[in-house]
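Each in C-alpha cells, the structures are laid out below.
Below are two complexes that have chain A in common, paired first with chain B and then with chain C.
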Partner chain A sequence: MDSSPIDSSSSSSTLSSPTSSPHSAAHDNQSRTLTLSQLEQCKVEERVFEIYRIFSDAPAHTQTLMVELWRDKHIEFLTRGFNQLGPSYHVLDANRPWLCYWILHSRALLSESIDTELENNTIDFLSRCKDKNGGYGGGPGQLPHLATTYAAVNTLVTLGSDAALLSINREELHSFLLRMKDSCGAFRMHTAGEIDVRACYTAISVASILNILDLELVTGLGDYILRCQTYEGGIAGEPGSEAHGGYTFCGLATMILINEVDKLDLSSLIDWVAFRQGVECGFQGRTNKLVDGCYSFWQGGSLCIIQRLLSIAHHQIKSSPISLKHLSVDGNADSASFTGCKPDRSPYQIHDFDGEEAGKRSAIGLEFIKITNEGPLFHSIALQQYILLCSQVLEGGFRDKPGKQRDHYHSCYCLSGLSVCQYSFSKTADSPPLPNAVLGLYSNLLEPIHPLYNVVLEKYYKVQALL
Partner chain B sequence: MHGRPRKPQRAVDAAAATANASKLQDLQSQLIHNHHLRLDFDRYTNEAISVCSKLLEINPEINTAWNYRKFAFQHNLHETTNSEHIKSLVDDELRVVEMALRENPKSYGAWYHRKWIFSQGLADVDFDREFLLLDQLLQADSRNFHGWNYRWFVSKLKDVPDPEELEVSKEMVMTNFSNYSVWHNRSVLLSRLLNNKAEGFFEREGILTKEYGFVHDALAAGSKVQSGWFYHLCLLHQTITPNEISLISSWPPHESALVLSAIRDTGYYFTNTRKLPIVLYFNQTVKGVNSSSVIVNSMLFKNEELVWKPLPPTKSEKAACWVTYLQFPDMKSWEAKVYVIEVKIDHSEAIISSCSGSRSIHPLNFRFTLSLNYDNLEFAESVDELLDWTDVESLGVESNDLVSFDQSKLSEDLVSGFSKWQMQTISGEINLIETLSKENCKFDKLTLARLLIAHNAMLSHKTPVTERQIHFREVLELFDDLVKLDPKHSKYYEDEKSLVLMNQVTFDKKSFSNHCSSSRNYISSKLHLHGCMQLRNLSLTRIGYVERLLWVQVLDLSYNKLRSIEGIEALQLLTCLNLRNNQICSFTALQPLKLLSYLKVLDISFNDIGAHPVDTARYLFSSPSTRSVELDKEFLEDYCRSKVDITNNWEAICLFRDLQLHQLDVKNNAVADKNFRDLLTKALPTLMWLDGERLR
Partner chain C sequence: MSSEEDDEWVPFSRRSEWSDVKPVPQDDGPHPVVPIAYADDFRETMDYFRAVYFSDERSRRALDLTSEAIAMNPGNYTIWHFRRLVLESLHADLNDELKFINSVASKNSKNYQIWHHKRWLAEKLGPEAAEKELEFTKNILSIDAKNYHAWSHRQWVLEALGGWENELDYCNELLEDDIYNNSAWNQRYFVITRSPLLGGLQAMRESEVSYTVGAILSNPENESPWRYLRGLHKDDPDLLAHNKQVSGVCLQVLSAKHDVVFALSLLLDLLRHGFQPSLEFCGVVDALRSVSPELSSDPASLAGSICSILETVDPLRSNYWAWRRSHLP
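Showing the complex of A and B:
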C-alpha cells in the first residue's frame, strides 16, 4: 500500500531483501515435508528471482533494455492471431468474440491503428454472431451468451467507428439482458444457464457503456453481489464460495456501475486484494495460489478502481440533490450524479433509451473516470517489473508466468494491467504520467483505459459522444 | 475472462490436427443447423443429440450444444412416463458431462448442466458416484472452484450433515496442508456449526482447542504457506469474539454528577448548544439501538423522543458507538434540584451483534445526575480569546480527569471477563508460534503480534504494569520488523502499530496521567474545560481506543503522522483539537469533525491538504463514501453570488459549513492561499481567529 513513487532502484533492492531471496538451501532441507503447492510455489519463486537477480546485477543500460516493451513483436503476434490460429485453438470456437476483443483491445493499448478491411471484417463477423433476439453468441449461429456479448460490445467500442457502434442494436440487446435477469436479482450467462458474478458484470458493463442501464436491470443485483463477498474480504463467484480475483473485479466494478458500492465492506476488500501481491511482485488470483500475469489487471485493476473511491465521496457531495445546472456555476453540472438516480420512472418505460434515467445511470461510468485518482494502493513499479520481465515473451505476447506458453488472453490482461500501473500515479485518467511512474523507457507507455469496462479511454469517450 | 484458452498439452501431429479441425467444423455446422431447426420447428432428433455429445467431448465450451441437450431432454421427457427410460435419459446427460469434464474440468457449461439435471429431481441420485467424481476431479486440481461449488451443491442435495463435511475437509487438509480451498471450506463449515450451536458444537471451547491442534500441524509443515495462517486467524477471531454484547464505556459516566452552566466556570459543563450527548460504546458493532432497546428514564425528557444515531452514521445503521442528544431549549423551567437520569439496557434482544448475529446482551443500568448552575441563566457567547496550544503542557494531572477515566469504563469486570480457557488458549498459541517462528517470516510475526494484542486485551488490571509494558514493546518491535520485512504493506503495519501505541498510553491510570494536561494552566482557565489529553509526537498514523477518551474536551494530537482521524467522532465533548504537523491529505479525511457539535478550536496547520494525491489508506474513505450531503438552495445561491470558487472547494465548504469554529489554523497547507482564506471567512461566520489573526 505504499503510495510514494518508488524508483526502480528501490524496488530492486526490495527484491534482494532476505525474504525474497531464493531459499534453495531451505528448499533442499524441507523438500520432504513440503506439500505439492509449496513445492510449486518454491519453483516459481526460484524462477522469478533468478530473472530478478540477473536484472539487478545487470548494468543500467541493459536493465533498460530488459524492461523494454517489445511493441513490434507484440503487434506481430496479435496480428497473426487475427488471421490464422493453430488447430489447438479449437477450444475457443465458442469464444470467438473474445479473441476479437483480446486482440483488438491489446492492439489499441499499443496505439496500433486498424485498417478498414480488418475493421469491416470484424464488424461483419460480429454481426453474424448476433442473435436475432439480441445478444452475441460465441460464433455465427450460436446461442447468445453474456460473456461473448460483453466481448463483442467491447470489441465494437474498441473499433470505435460509427459503423461499428451503429451495428449494435441497443433495443434488442436490452431485451436480451432482461431475459438473462433472474428473479434473485443476478444474471444468467445464457438462457437456462448458470448464475454468477461474471454474468452480472458482463451484463451491467454492456448496459452501462451503451447507456441502456435502467432500474429493472439493477433491481436486487447489489444484494446478490453482497452475498458473494466472503469474510476474507474478496468476492466469490457465487455465494459461499471462496474469494477470487476475477470475481472481485467483476463484483466491485458492478457495484460501482449500479451505484451501490458502499454496501460492500471495502476496507476488508482492500486488505484482501492488496495482500494478493506477493514476493514475486505479481498478483495471485486466490489465497495460496501461484502468481499469474492476468491478475495484474483483475487485482491491480480492482485496486486502481478503489483508488478513486475516496473522491466518489467528494462527488456525492458535489452532486447533491440540488442540481447545479440551474445555478449555472459548474460547466459539468449536467453530468449525472452518483446519488441522483431516482427510480421515479415506471419500469415499463424502459425502452426509452434516450430517456434521462438510463442516461443518468450509465453516466456513472463517465463520472467515474473524471474523478481524481489518489495514488496506487499496490506496488505499481514492482507489478510492472513482473509484467515486463516475467510475463513478457520476447517473441511477442504475454504469458501467465515464466515457463508457460503465451496466449491472447494473457496478452490482453497483462497489457491492461500494465496500463493501469503506468497511470496509477496520474491524477486524472488521461493525463500523461510522470516518467518515474513508468518502468523502463517512457516509450513503454500504453494508452490509458477506462478501468470499469477495460476499454481504451479514448474509445470510451467516442462511444459516449455518439450515444 | 476466465474462459481462457487451455494450452495444447498433447502433441498432435499436423495432419491429425487438420483432420480433427475439419471434423469439428462439420459437427459445428450440424449443430447450428439443428439449433435453428429446434428454434423454428421445435424438432429434435436423436442424431442431433448425438452430434451435441460428440461436439461437447471435444469442446465443452459450446453453450449452444448444452442448451440443445437441455431442451431435447425436456422434450423427450414429455414423451415418456417410464421410469427406466427417464433414468437412461438422465444417465446419458451425466455421461456427456463426465466426458466434457475430462476434456476441461473448468467448463462452466458442463458443471452447470450436471446441476441442472439433478435439480429436475427426476431420478434417484447416485451420491457415491457423485462424490467419487468429485474426489477424482479435486485430486487432479484441488483448487478447482467449480469442484468446490459442486461439492456444496451435492452435499446440500444429499443433506449431508455439516459435521460429516467437516470430517472430509480434515482428510483433504491432511493430504495437502497448503490447499487453501479446503481450509476455506472448513472455516465456513465451522463458523456455521458454531454460530448455529449445532449438535456436538455447543462446546465451543473444546471444538476450537481441537482445531488449534489441527492447524498447528499444518503450520509446522511450512510457515510460509498462507493457507494455514488464514485458518489460524479465523480461529483467533472465533476465540476472542465476545459471545455477549456489552457496553464498555459511556458518557456521562456511571454515578457522575453533572452541573450544567450557561456561562463558563470551572467544574461545570458549559453548553451553549443547549444539548448534551449520551454516548454508548459497545464491545462490538451492533444494530438496533433505539429508544425501545435503550431506555432513558428521567423527569426531564421523554424516552420515546430520543433518537439514537450510530457513529459514524452509515446506511447500514451499525456501529460500536451510538449517541443521542438530550435537548433542553428552556432551562429556566428547571427546578432547583438534582435530576437523576437512568439508562437501562435490558434483555430485549433488539440489539444485534452485526458480526455474529448474536442477540445476547449483558444487561446493564447506569445513572448520572444533572443539575443547573443558577448563577446566570442567560447564555453567554463564548470567549473570544486566542487559544495558544503551546500553553498546553503536561503539567500533571487534574484529579477530575482521572475520575472520568475510571468512571467512563463502565464494566471493568466485563472487559477483563475473559474465560480461563481464552487466556490459556492465547498464551499457548503465543508460546507455540514463538517456538515455531523462523527467521523473517512475515506470517509468523504478524500472527504473533495479533496474538499478543489479543493477550493484552485479556490481562486484568491487576496485572503488573511492567508485564504489560513488556508485551507492548514486543508487539511494537514486531510491527517495526514487519515494516522492514514487507515494505509493500508498511502502511497497514503502521496503522496496526498506532493502535498498539494508543492502547499503551491509555490502558491504565499511570501511563494515562503522563498524557493528561493540566487544566490549571493558561488555556483551560479561559475555557474551563475538563478533560485535556495530550498525545503529541507518538508517530500515530490513526487513532483508536476512543472508548477510553469519551470525556476528553481538549485533545492535542500534533506532531504525529495521522492520515485519518476516523473514530474521533465518538469524542462528542471535544471542543479543542490540535492536528498540527500531521499527514492529513484532504478535507474528506476531516469529515468526522462534522459530527462534533462542540468543536470550537481547530488547528490543522502544517498538513498536506491539497499538496499531492490523497492517500487512501483503508480507513479514509469508508465512512465518507457512505454519507451523502444535502444542501439547501439558498446556501448554494448565496455562495454563487459571493464569487467564491465553489466547484474546486466543495470538500472544504461541505466540511466547514457544518462546523461552528471560533479559531482555525490552516497555514502551511498547499491549499491555504489568499482565496482560500476568503472562502473560510465566508463558510465560517462564527470564526474569530484565523491563523492567529483576529478576523472580527
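Showing the complex of A and C:
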C-alpha cells in the first residue's frame, strides 16, 4: 500500500480509466446547461484540483511541507480560542461546552496536554453549566441540553483526571437522560425540544461511556433508528428525511452501543457511505452534495466502525466452528462470545444480556476496540490527502473546503477523521500504524480514538478503569 | 419601549420600564474557559434575560426581551424555550408569532431552534396552517433546494397537517430544475410511499421505475436515480432482479462504455438477487475488462469479474470492491 498522494487533478486522471469516475457530475457528456448541483460541484472541483496540481508539480521538499501536519500552528489556534474568543462568537454562546470539546479533543489528538490550572478552570466552568437536576447546558444558567451534555462529558473524559471524572454526578445525569426520553423510543434534545437521531446518539454515548446505560433508556430506540434508515442506505435525522453523514454516524454508533445494529440493513448502509467519497478525495454528507472536511469523521468514522464490526462478527464466527445449534441457550453473559443459538440471531449481535446491568451494556464499548480488523472500506490515503491539502489552514486550524473559513468544529472533526485514517490499517484500535498508512512524515501521526465516542482511546480506558 | 431598529440601541439600564429589574450577570466563575468577549449590548440583554428567566416572569415585556435576545443569538435554545412558555401564559396571538418566526427563519434558515419553534407553532395552529407552512418551506427551498431543515419541516407538515395534493408535482418541478437534487428524489420516495392520496409503493412502482430509468438515461453519471431505483424495490429485492426495465437500463449504460460504475454496481446487486444475465450482458461486461478476456463468461464468475473491473474503474473504492468480492456467495 503506497502512501504517496493521489493525483486526481483532472477527470481523466491516473485514478480512473477512460470512463469518468462517479461524482464528476460536472462533466456532462451532453452539451446542455449544467444544473445547479453540477455547477456547484464544478466550482469545488476546480479549486481542489488546482491544489492537487500545485502539489504534484511541486518539488519534493515543498510536497513534504504541504502534507505536513502543522502541529504548532494548530495548537496555537486552539489554545488561543480556549483562552479567549472574540465578540463574534456570541453566536456560539449556547454552545460553549462544544467549544471546550472541539478544542481539547483536538489538542489531545495532537498529544498536547493541558496544565492543571486550565484543567481546574475547565472543570469549574463545566460545573457551572450543570443544571441542578442533572445535565449540562450551553453555558452557565442555560437549560440542560443533550448535545452540550455530550460535549461536556467528552471534555471531562478528555481531561482525564480523577477530579474531572468524579465531577460528574452520574445519578443526576441518568435522571436527566431519562427525562429526555420520549415515548416514541427516541430522545428530545432538551425539555420539549426536538427529537432526532443526534439526540439519541448524544444520550446513549454519554450513558454508555459512564456506565449508566440501562433498559429504560434503550427501550424502543432501535426501532426508531431503524425507521430513520432511508432507501439510500444511509440514516436520516428523522424518519423520512434524507440520508445524511452526521446522522448516519449517530444512528450507527447508537445501534452498536445498544446492541441492535443487526436490525439495520448494513450492506446498503456500507454501500451508501462508501459512495460518499468523491473525486476530491474527501467525503460529502449527502448524495450529490459537496465535499466537506468534517465528513472525514462522520463518514470515514462510520466506515471505521463498520470495519471493526465486521471483524468482530468474522472473529466470532471463526472462533465457533461447531454448529450453532450446539451452543448453550443462555450463553456467557460476561464475555463477548457469540452465542447465536436463537435462530433469529444475526452475526452482528455481540452480546447476550440476560440482565439489565448497565455495566454489561457499557462493556460493548470496551469489547469493540479489542478485536482485530480488516482493511479500511474507504480510500484512507486519499482522504488524508484531502484533509491535509484542502482542509488544513496555514495559519492553524481546519476548514470545510478551500474558500471557507477555519473553525474549531472543523478542526476537531478533520483531526478526528485524520486519526481514523491513520489507524485504519491497524490490527487493533491503538496499535501503531506502519509508516505507509500515514500520509506524509510519520510525525503526522495523531493519537488513536475510540470511534464510537470520539475521545482519545487512552482517555476512554481511563474512564473505564475509574468508573 | 424596546427598540427594534439597531440604529440606536438603548441600554436596558436606561429603559424606565425595566427599572424595577435587577440584571443577573452570567455565573462564569473567576476563570472561565472559552470566554467570549461579549459586546456591551449582548451582555446587558442577556443579563436582563437571565433576570426574567430565573424569576419566571411571563409578561409582555419578557416576550419582547426574548425577541431582542433571539435577534442577537438565535441559537440560544433556552431563550426559545422560555419564549414558548411566555406565549402560552399570555395566550398570545399565534398568527402574530407566525409573522415573527417566519421573519427570523428567513434570515437564519439553517438553525435548529427556529425550525423547532415553527413546528411547535404550526402544531398549535392546526391543519389550517398547512398551506402557509408548505408555502414558506417552498420559498426557503427556492433559495436553497437542499435545505435539510426545510425538507424535514415540510415532511412533518404533510404528515401532521396534510396538503399532499401537489407534492409529487412539486418533486417533478424540482427535478426538472435539477435532476441531481437528491433531496427532491428523497421527497419523491416520501410521497409515493406515504401519501394517502396515492396507492403506496407497490401501486406506484411501475410508473416510478419508468420515470427513474428516463432520468438515468439522460444522466447516467447521476447517482440519485440509481439509488432511487434500488429503493423502489426495498421491500422485494428479487423483483429488482426480474424487472426488465431495470436490467435493460443497466445493459444500455454498460454498452455505452462510459459512466459505468453505477451500472456495474447495480448489476452486482441484480446478480445477488437471482438475475440471470444473458450472453449479451456477459459480453458487454467482458468488453469493459482492461485485461485480456481469458476469464470465462460464465454467469457464476460474472460477479467476481464485475468486482475486479470496479476495482480498476472506481479506484477510490478499490478496498470496498475488494471486500465485496471477498463476500460473494
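The rule is simple: the second predicted complex is superposed on the first by the 392 of 467 C-alpha atoms of A that agree within 3 Å, B and C clash if a C-alpha of one lies under 4 Å from a C-alpha of the other, contacts with A are read in each partner's own complex, and residues count from 1 in each chain.
Operating definition for what follows: contacts are C-beta pairs under 8 Å (C-beta built on N, C-alpha and C of every residue); 3 or more make two chains touch, one makes a residue touch a chain.
In this text, all values refer to a predicted model and were calculated from it rather than measured experimentally.
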Taking chain A as the common reference, can chain B and chain C both be placed on it without clashing, or not? Answer clash or fit. clash
Tell me which partner A:393 touches in the superposition: chain B (first), chain C (second), both or neither. neither
Examine A:262 and indicate which partner it touches, taking first as chain B and second as chain C; both and neither are also allowed. first
With the two structures laid over each other on chain A, which partner does A:81 touch: chain B (first), chain C (second), both, or neither? second
Pick one for A:237: touches chain B only (first), chain C only (second), both, or neither. both
Would you check which partner chain A:405 touches, where first means chain B only, second means chain C only, and both and neither mean what they say? first
Between chain B and chain C, whom does A:215 touch in the aligned arrangement: first, second, both, or neither? neither
For A:427, is the partner it touches chain B (first), chain C (second), both, or none of the two (neither)? first
Touching A:35 in the superposition: chain B (first), chain C (second), both, neither? both
Contacts of A:446 with chain B and chain C, given as first, second, both or neither: neither
Counting clashing C-alpha atoms after the superposition, which of 256-264, 310-318 or 562-570 on chain B is the one that bumps into chain C? 562-570
Hey, what residues of chain A end up touching chain B and chain C alike? 17-19, 30, 35-38, 86-87, 89-95, 137-143, 145, 189-194, 230-232, 237-238, 240-242, 244, 270-271, 274-275, 277, 286-289, 374-375, 377-379, 382
Please give the residue numbers of chain A that touch chain B in the complex, ascending. 1-3, 14, 17-19, 30, 33-38, 41, 86-95, 98, 137-143, 145, 147, 150-151, 189-194, 198, 202, 230-232, 236-238, 240-242, 244, 246, 261-263, 266-267, 270-271, 274-275, 277, 286-289, 294, 306-307, 309-314, 316-318, 320-322, 324, 327, 329-330, 339, 372-375, 377-379, 382, 404-405, 407-410, 425, 427
Which positions of chain C touch chain A when the two form their complex? 24, 26-29, 31-39, 42, 46, 50, 53-54, 72-73, 75-78, 81, 84, 112, 115-116, 119-120, 145-146, 148, 151-152, 155-156, 159, 177-183, 186, 189-190, 194, 218-219, 221-224, 227-228, 230-232, 234, 257-262, 265, 290, 312-320, 322-323
In the complex, chain A touches chain C at residues 15-25, 27-30, 35-38, 81-87, 89-96, 99-100, 103, 117-118, 121-122, 124-125, 128, 137-143, 145, 189-194, 230-233, 237-238, 240-244, 268, 270-272, 274-275, 277-279, 281, 286-289, 374-379, 382
What does chain B use to touch chain A in their complex? 1-8, 12, 17-18, 20-21, 24, 28, 32, 35-36, 58-59, 61-64, 67, 70-71, 104, 108-109, 111-112, 115-116, 142-143, 145, 148-149, 152, 176-181, 184-185, 187-188, 191, 221-222, 224-227, 230, 234, 315-316, 439-442, 485-492, 586, 588, 591, 612-622, 624-633, 636-637, 640, 646-647, 650-651, 654
